[in-house]
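We call the chains A, B, C, D, E and F, going by the order they appear; numbering starts again at 1 in every chain.
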């Protein structure tokens, strides 16, 4: 089996994380997983949603979008159609849940950090790239809060990364690009923490159901892949 | 560890599937997982969405809703608020994907079967009950198509069932009710076929990340649980 | 003249009122007028809409919906289309006005009771069945408020019931089912109180205008019909 | 009893119907019931809604709106709020049904006549003034179709008029203005044809239920009132 | 060159401003620029939008609409379509900005004046007629505030008027009607104050770009035209 | 007078145009006017809107958006709020009109080119940067159509560029950044062609009205500025 991308089954695409990509946001990251490129910004606001007011706890939430021509064929602009599609809603809920697992909301205090993930070029894996980049933007937002002495503790529990795995022509492969994803039998997105624990596992049989051995092989690939991604996150953060 | 429900960790709630629950739909099922009760109807229409026209292939799609007072506190009616919430969208997309795995769409021909899952009473696990009940309604809709000689083949690939599993106070448990779900550390919805293959696996760490051993134990519980549910489906269908 | 249903012109369909149909709502009723079945729940919330705040007066309001496949052909789900249709709005406003006539809002105090009428199977007369069932759910909600000692008076003024009447092939008939309604020249919905007074009268000529004698005959039929319905309400409530 | 308006119980307000009020519409009427002023236009378009295509039958439909400051306090503009309110929907459905009773849709042929009723000044009875004025605009639209030889028959069945009646301080009164309407116990809108038949009767108890004698007295008043309105319509149309 | 309207290039249409056109609004004007007729009302409300609260400053804002059949072909009603179109939004923002230039918002105090411009008949230049009429309605609203002693100063800075200019068959012309506007190469809307200063200039090349000499000629025409319009405004206001 | 940016009154910011910025669109440009950065893509689709079908003419249209955190404070995402704001609508209509002036739509044939301008970082002048960048993307889309031999003529009439001018502390200045724009008395956006003709002129008095001499000075500045921008466009296009 030869992957369309020519990569080894357990090989990530070229991963690149650029911090301080735009100038206004408290955290701003351009993340690239191969040709997939996403701008992830983290915005800090005082106050929390109503259901948390007075609780002393902070909040992390996410929104996701794709530029209309980030894809091969132009998609209608969601703002013009007047609603976010089902896929968008699903992804931004996933990003939000994943990032909340990186943070001790109690230690954050009554601040809301809103993560915006906007895909400027799509080639598969936009949600996993988004989570991986967004976690770095989130850390920069926390750095900002600490630098401004708005919080005195460190609410970061651990870095969180995400990668897709799938079964392509019978072989479990890591980090599928669009061509591979379109042809895969099974597609799984895995979000994990630095400690190797699972935060979210979402596997879908695209064609035939998948068996436990394939599931196990995919989880092995994902575990190794996320640890590499977390290394890249840490290098980016080390560059200050 | 004692479950709030008093059930054994690997014990399903009382499962009940009533066919022909309402009179107009081609398939109409009332499914109960304990106190969770969902009306699942399958509606047959000639024709398919635009992207399938002329392909000879059929389509199966789903919509999900909750009656405003199916829950402990009244929820705003989505029709009145003017949009379906993110959770609704996520669930109905999951139901649709799951049921499409039960069917050979090519054999269905250019018919659309729309599954409506409307929760009239909620006590946890509404999406897994919906999928389990909806698959029976889907079979009745196929029966209708065959009885009317609109199709001459059998597009059913296999029965599909679904159950939730979770980790409650450190112990993996099957088919969580609302009280258990609210207190669980991890929540996973598993959709499987009659053949034991996975169609969809969605696991979320509610608190701390979960490890591979817990994941394995939950998958074991789910596999056994879904096979029991498929037995109940078959008994219901056997009653004609 | 033979009615399609075989009933006498002044004969109601089989009427059935089941209380405590679902477990969460303060009042929950399944009402059947023949094959028309509606779930009516009454939800109690503290507080009132802005225009009543500080007035000491309570509020009763209603929402109405039909499950997509409660009808012979599947209707689009209003939540998915993003708005309630004109017929829905008209009916829920009618239900709300009718039930407010059953209650002394001053005695209710600053509580809001929201009535949800969700049609699970439609065969004509869904609005009249809704009002008739909803009034029982409303009484159960008041019982709840009294039992919890949240109110100490009895805000119920009188029971309210509703029935449709029409002219079918020249003969005034009571409580039309769908087949009769579709073929009727005139259709009138009458909402009355226990005391025989009119709360709402809505008559529409479907074909030719109707004369005063037909109007008089329909009102006579309706008056007798509503009194029978109020008897059924009272029996249901007597069962505790 | 003295009416706030000083009118006799059976006395209409000053009624005025001005044809050709604006220049673009096929029928354009300014109707005044006292201080209530409504612009009613009738627009002719070739073709009919989908459910009538190929049937040979035409269609008449209506839309209703109020200028934001037609009332004592400025109302939010429905176009800006992004939806028509329940009252608007109810009224425009009523206008449409009423006008369809004036026309033999088969004779109209596959044309759609859309009636727009826009209230520029409101003082009670906007729906009854709308129907009364709109029927004249509708006749002018039919005149247009005949003049242009687009239809060769006369689809007009009869003129249709409408008036409100109510019980004010125990006395049945005709054509209530805003001050009277706000204080009335019962409010009824009656739509009738030239032949004295009822097209629509909508009575609502605002306070206590109303009895049959009051209902009878209101219907008597309305019958006489609508016949006077139809005289005014005919005079306006006679002026060519 | 002969204008379709027969007017001289620098000649306005017949301009008419009728005050007190409807009875409820604090300012109510019917303005006619030839066959273009617009109802402009000014509504006074206590309070200001959130961004001005506590600033001591007032606010002036505008909304614009067209009756569906104000035009040659019926336009869909924006309230029914559920949103205001781009042209509507653009025009109402322009009207609001223009009128704020007429007022010292600080002297107005914390009142909001909402201007509604509703076109009942359109023949080109609806936005310029709206601004010109609305400024008179605005003055009447200020008169109301002074008469009621709600403000003691005069917030009016100067009258504001507006006219369109264009290039028709190579000749700059003033105040284009619909026939001229449709055939013009360039279309410019100019809003000016009594003192001859520019408040807004919006010029658009409909066909070929326009040069500086044409621009200069159009601005000259507009300057003279607006001064005439301001004379008409003052005469209308002098009539008390 | 010293501009906050330290630039001379007639000095543009650093202008940069990067072609082929993303890989999917037929034309894709990143344009920078100082710190203002906009992604402009041009998407080619066969077919035209309904009003042009069969006319042989093509269409160019534009959509505009800002990433939520392109600005100093996070703006709500328009897709999440369910509608595009008034400013967005105004700007995208302006971009569309401006670009249509660059093209002979007849020579384009029945293709639609959709321009998306998405601001990733805002510092004033986003609409003028958008138009200037979009015109380059448009040329690349035309190049694509020619290269694919889908069209054989050259529909480009001329390059179109845009710049803002304003009066800052009494001095006319070119290409205002956010700090300058916020403090300016007058703000004007000018769109011009390569031939020096005006395509659109939109000037707004932010404080006091502006006189003809200021208007003239601003137009002089803009004319020179746009010619420089067109030079930059041409250099970018020359790089192939």
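As a convention for this text, a residue touches a chain if its C-beta (ideal position, glycine included) is under 8 Å from a C-beta of that chain, and two chains touch if they have at least 3 such contacts.
These figures come from a predicted structure and were not determined experimentally.
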Hopping only between chains that touch, the fewest steps from chain A to chain D number 3
With centres defined as the mean of Cα atoms, the chain at greatest distance from chain C is chain F
Distance between the CA centroids of chain E and chain F (whole Å) is 28
In whole angstrom, the CA-centroid distance of chain C from chain E equals 51
Rounded to the nearest Å, the gap between Cα centres of chain D and chain E is 33
Check: chain B positions touching at least 2 other chains come out as 82-83
In ring order, starting from chain E and passing to chain F next, we get E, F, A, B, C, D
Contacts from chain B onto chain A in the complex sit at residues 83, 86-87, 89-90, 92-93, 97, 101, 188, 192-193, 195-205, 208-212, 215, 219
Within the complex, chain F is touched by chain A residues 22-25, 28, 35, 37, 39, 41, 43, 45, 63, 65, 67-72, 74, 77-80, 82-84, 88, 114, 116, 118, 120-122
